[in-house]
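Both complexes below contain chain A, partnered by chain B and then by chain C.
Then we have the complex of A and B:
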C-alpha cells in the first residue's frame, strides 16, 4: 500500500499557555547538569580541590619534599600557633591591614567629595580624577620599584625632607626597623585608595539632591549635611568596601616582598610573606599549608560578614 | 525500534562515547606522565625533549636556541625545546612542577634548589646516566652529589671578584685594590670619609633575595680558606674565620662605611650604585661586567681577587655561582637527555656556552674565547685559575632559609640587639633544625 501526501496541511493551533520547545520531546534528564557542568568543573578544579589538598597537606608531617609523608593530625597547627614568628606576622598584618583600610577610607571619602563638589570646575575635576586614579593603574611590582627609589636614602623624599630642614640625615625608610612597617603601609595606602575613591564617587553621584536641599532648609551646614546625609547614604558602600579591602590587604604579598622581603628583623613580616617563606625558602609545605588554612579561616570569617551584609543590602 | 528505545539507544551511545573519550584522555595523560624512566632508551627513536632554564634570557638573543639547533644537527632524532623563564620565577615553578610530576625532561638547576628536588625524588641519578653512556667524567670541573650519586652538573660558573672604581679609590688616595681584610676595611673607611660623597662598599642585607649572606659576608671567610661546615654540619660557633668575617662586615656597617639602607638592598642594587659612582667597591658577579660597561662606558674599574684575612697565604677561595643542569626522574628519555647534557659539557660547546654567558666553563679542558671580550674577563679568568671555586650553600637543604636566618640575626647584631657570638649561636641553632 502506498500513501500520497495530503492535499491540505493541517496547521496546529499554538498553545495559549506557552510556546512549545523545539526539542521538548527529546529533552534529556541530565541536560541541566550538563549545562552547569563547566562552571562546576571550573569551581571544583580551581577552588574546591586545591583548598581540600591544602587542608589535607596541613595534616601530614611534610609533603612535596617528603616522598612518604605521615599523618600527624593537628601537630602542625600546634607548631605554627607556638611559633613566635607567626604571632609577630599576625601583629604586623593587623597593623598593616587596619591602618591601610581606615586611611584608604578617609582618603577615598575626601577625594570623592572633592571630585563630586560643584565648587570645582568640570575641567580640573576631570584632570584631578585622572591624576588621582594613577596609583591604581600600576601593578604592585611597579609600585614597589617606584617607592624603593623614592624612599632610598639618596631618593627624592629624603632630599625634600632634608631640604625643608625636617631631617638632619637621610633615613633608609625601608631598611630601618622602626620605620619599615610605616613605609610599606604608606605605599599600600597610596596604591589602594583610588579604588575607594572611584566607588564612593559613584555612590555620591547617586545621593538624591533633594536630601541636601531639605537639610539646607532645615538649617544644616556643610558638616551637618556630611554626617546626616552623605555618610548614611554611603554607609552600605563603605561597609562592603571596607570588608573587601580587609580581605585584599590581609593577603597583600607582592608589595611587601618586593620592598622589604619581610625585614628588617621581621618588622614587616606579614602572614603572606611568612607563609611564602615556609613554602619556598624552607620547603616546609605542610607548615605553609597550615598557615594558609589559618589565613583561610580568618578570611572566611570576614567573608561571612560580607555575604550577610550583601544579603541585608539586597533586602532594602 | 520504538521511539523510547531509540532515545535510550542514543543516550547509551552518547554516554559510551563520553566514557570512551574520558578513558582515552586519561590513558593519554597517564601515558605521558607515569611511564618508567628507563622505558625508552632507544636512541634511534625520534624524541622531543623539554629543557627549562633561565639561561636564554641572560644570554644574547637566540644564542641558546642556536646551541640546541646545532645539537639537533648532530642528533637528528632528538629535538630540544627550550622553556625559558627569568631566574626569579623559575625556582617556584620548578619546585611546583616537581611536586606535580610535570618537570621538563632536562632542568636548569641552581645550587640552592637541588637539595629539595633531590629529596622530592624529582631528579634522575646522573651517575647512572653517565655509566649507561660510558661517559668519562674526569673533565667535569665539579658535580653536586648526594649519597655518592651525582644529581646536578655545573655547566657554567660565575665568579664573584672584587670590583673597584679606579677614580673613587684614587680620590681617597688609594693606589691599588686591597688584598687583605685590614686594607679593605681601611680603604672602605677612607673612601667614605673623602669628599666625593661615595661610600666605601655596598653590602645588600635584604631578605627578598637573601644571597647577601653568601656573597657579601661568608664569602670573606671562604676566600681565606675558611668554612662554615664541619663534616657536613653547621660549624659557626667558635669558628675564627666566620667570626672574623662577620665582625669585619659589622664594623663597616656600624662605622657608616657602606651604602646606607643595607637592610633593604638587593644584589641588583650593588650594580646600579657602582655604575652611579655611589660606592667605591663591591663584590659581585663577573657576569655584570657587560651591564657596567653599557651603563657607564667611561667608568674605569678594576677586577681583583677578594681580599683575604691578614697573614693568610694558602690558596684563595673564590665565590662561584653556577648554571647547573639535571634530568627529571620522570623523563621517558633519560639516555637522550644525557646526550644533550654531554653535548653541553663537551670541550667546544662548553667553551662557546661559557663565552656567551660571560662565565667560566664547567669542563676543565674548555677555555672561554676572549677574542673581542672585555679585558676584565681575561683578568678574572687568571684569578679563577689560581683560586679554588667555592660556594658552601650549594646542595644544602633550604639554602634560602639558611641565608635568611643568617641575615636576620646579622641585622639584629648590627642593631646592637646581640653580640656576634650570640648571633652565630642563634644561626647555628636555626640551621641545625634545617639540616
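Then we have the complex of A and C:
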C-alpha cells in the first residue's frame, strides 16, 4: 500500500542530534519533501491522475470496453450536449439544488435564531438543539430508506395527510412523476439543514450584543434588527455556506439513487445518477466520462467563487 | 408600572410564540427519527398497520436480534469499522506530517502543492469514480479493504491537512524552536511537542474522517463486489433490494449503523461543532 511511507520515515529517523538553526529548511533541504511525500504521492496518484484520465477518456471512443479506443476529439461532448436526457438531468439538478440550498438557508437561519433567542430557557434550548441536529447524524443511505418508509402509500405521512383532510387518497410520493422531484428535494432539505444551522449558531455567538442594544435604542423592532444587524453580520457565513451547499447538492448521488434511482421515467434523474447509469448500467464509459468532465467544470466554476469569497472574507 | 407590565406581557406572548415555533420545528426534525426508532421495534406485519401507532403490541427486540445474529450483516459492520478506523489512523498520520511541513518549513513547490491540495476538494466524487474503478482493478485492489481505505484517505486528506495546518499555525513557533535548540529532530518535535497540544484539532479531524468513511456509499458500492467486503451503507441498500422488504430489520440496521456516529457526536460534541464551524467559516 502506498500509505506505508510515514511509518518507515518515523522509524528510520531516530532523534539525531542537530545544532540549533533558525532556518530550518536549509539544514536538511530534503526533509520537507520527505515528510510531504506521502501526501504528494496520494494526491497526485489518486486525484490529479484520475482527473487527467477522465478527461482523456472523454476524448476517446469506447474506452474501457475496447482495447484500442479511437481518438474522437470533442465528438463525445457533442453527443452529450445533444442528449435530451442530459438536459433533463441538468434541469432536475438545478431545481433540486436551488430549492435545497434556499430552503436550507431559510430553515437554518430560522432555527438558529430561535435557538439563540433570549426568550428560550437554557434546558429547553439544549434539548431543542439536540433534536434539531438529529437529521445530521444519519447518512444518506439511512435517510433514503427511512423516507421510503415514511412516504410509502400506506406509510405514516400519507395517513396523517388524509387524517387532516389534506389528501383524499394516498399518494405514492416517490413513484409519481409529478411529485417525485418534490419528494426527494424535501428529503434532502430535511437531511441537510442542520449543517447550516450549526454554523449559523456559531456565527450568531459572534455578533456583538451592543449592536442589538444600539439598534434597540434607535427604536428598531425585531424585524428591523434582523435585517440591519443579524443578517449583515451573518452574510459572510451565509454566502460561503450557500456555495459549499451548492457544490455538495449538485453532487448528491446516494439520496436519489437509493430513493428513486432517478425515476419514475427520469423525473428525478440528476447529473450524478445520469453519469453513473451511463458508466455502470450501459457501459458507455466515454460518454460517462464526458458527462463527468462537464460536472467537474461546473463544480470548478462554483469553487472559484467560493475561493474568491474566502479571500475577501480573510481581508477583514 | 403599566409600561413594565406591558413589556412583560409582550415578552410572555413572544415566549409562547417561540416555543410553539420550536415545537413545530422539532416535529419536522425529530418525528422521522422517532418513527424509524418505533418501526425498528415492530413486527414486519405491523409496519403499515392502520391506524399507525408509535408503539404497538408487537413491540420486541426481534428485529435487532435478527440483524445481530446474521453473520452477513455483522460482517457489514466489521467491514465498516475496519475501513473507517484504518482511514482515521492513516489520514491523521499523513496529515500531521504534511501540516507540520506546511506550517514550519519553507520549500520550493510549497505554494503549488498547497493550491493543488485545496483545489482537489472541489473535484466531484462522480468525476473520479470511472478512473478509480479502472485504477483499483489495475492495482488488484478492487473488492479489497485496501482499495476502499486508500480511496477514503485521499478524500479526507485535503481537509485534514488544511485543518491541521491551521491548528499548527496557531501554535507559537517558540514552542518547537526551544526543543530544536535542545537538539530534537523534526519528527520528535512533531510527536513530542506539537501532537500533544494539538489533540483537540486531531479529534475534530478524526471525527470528520470517521464520519466520511463510515457514511460513504458511492465508492463502497462501486469498488466492492462481495458481501465479505461491503460496508453498512451498501448493506442497508442490499436489504432493501430484496423482494419482501423487511422494514423492521432495515430500520433496526439503520439505527445500529447510525449509533457509532451518534455516540462519537455525543462524546465529542464540542469538537464536532467547533470543527464544523471553523471549517465552514474559513477552510
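A few notes on this one:
As a convention for this text, the second predicted complex is superposed on the first by the 285 of 316 C-alpha atoms of A that agree within 3 Å, B and C clash if a C-alpha of one lies under 4 Å from a C-alpha of the other, contacts with A are read in each partner's own complex, and residues count from 1 in each chain.
Going forward, a contact is a pair of C-beta atoms (placed from the backbone, for glycine too) under 8 Å apart; a residue touches a chain by one contact, two chains touch by 3 or more.
These numbers were taken from a predicted model, which means no experiment stands behind them.
When the two complexes are overlaid on chain A, chain B and chain C occupy overlapping space and clash. Once the two complexes are overlaid on the shared chain, A:263 sits against chain B while remaining clear of chain C. In the superposition on chain A, A:175 makes contact with chain B only, not with chain C.
Of the two partner chains placed by the overlay, only chain C lies in contact with A:140; chain B stays clear of it.
In the superposition on chain A, the chain among chain B and chain C reaching more residues of chain A is C. Touch criterion not met for A:287: it reaches neither chain B nor chain C. Within the superposed three-chain model, A:234 lies out of touch with both chain B and chain C [touch as defined at top].
Shared-chain residue A:101: touches no atom of chain B or chain C. After overlaying the two complexes on the shared chain, residue contacts for A:117 are found with chain C alone; chain B is out of touch. In the superposition on chain A, A:184 makes contact with neither chain B nor chain C.
In the superposition on chain A, no contact is made by A:89 with either chain B or chain C. Among the listed stretches 24-32, 204-212 or 240-248 of chain C, only 240-248 clashes with chain B once the two complexes are superposed.
Annotation: chain A residues 64, 148, 152, 154, 257-258, 280, 285 touch chain B in one complex and chain C in the other. Interface residues of chain C, counted against chain A in their complex, comprise 11, 14-15, 18-19, 21-22, 25-26, 28-30, 32-33, 35-36, 39, 47-48, 50-52, 90, 93-95, 97-98, 100-102, 104-107, 110, 113, 116-135, 146, 149-151, 153-154, 157-158, 161, 177, 180-181, 183-188, 191, 214-215, 217-218, 222, 232-234, 236-237, 240, 247, 250-251, 254, 257-258, 261-262, 265, 273-274, 276-277, 280-283.
Those residues of chain B that touch chain A in the complex are listed here as 7, 11, 91-92, 95, 98-99, 116, 119-121, 205-210, 259-265, 278, 397-398, 400-401, 404, 407-408, 411-412, 415, 417, 434. Considering their complex, residues 26, 28, 64-67, 148, 152-154, 170, 172, 174-177, 180, 257-266, 277, 280-283, 285 of chain A touch chain B. Residues of chain A that touch chain C in their complex: 1-3, 6-7, 9-10, 13-22, 24-25, 29, 31-33, 35-36, 38-40, 42-43, 46-51, 53-54, 57, 64, 110-111, 114-115, 117, 119-120, 124, 128, 131-135, 137-142, 144-150, 152, 154-156, 159, 163, 190, 194-195, 198-199, 201-203, 236-237, 240-241, 244, 247, 250-251, 253-254, 257-258, 271-272, 275-276, 279-280, 285, 288-289, 292-293, 295-296, 299-300, 302-303, 306-307, 310, 313-314.
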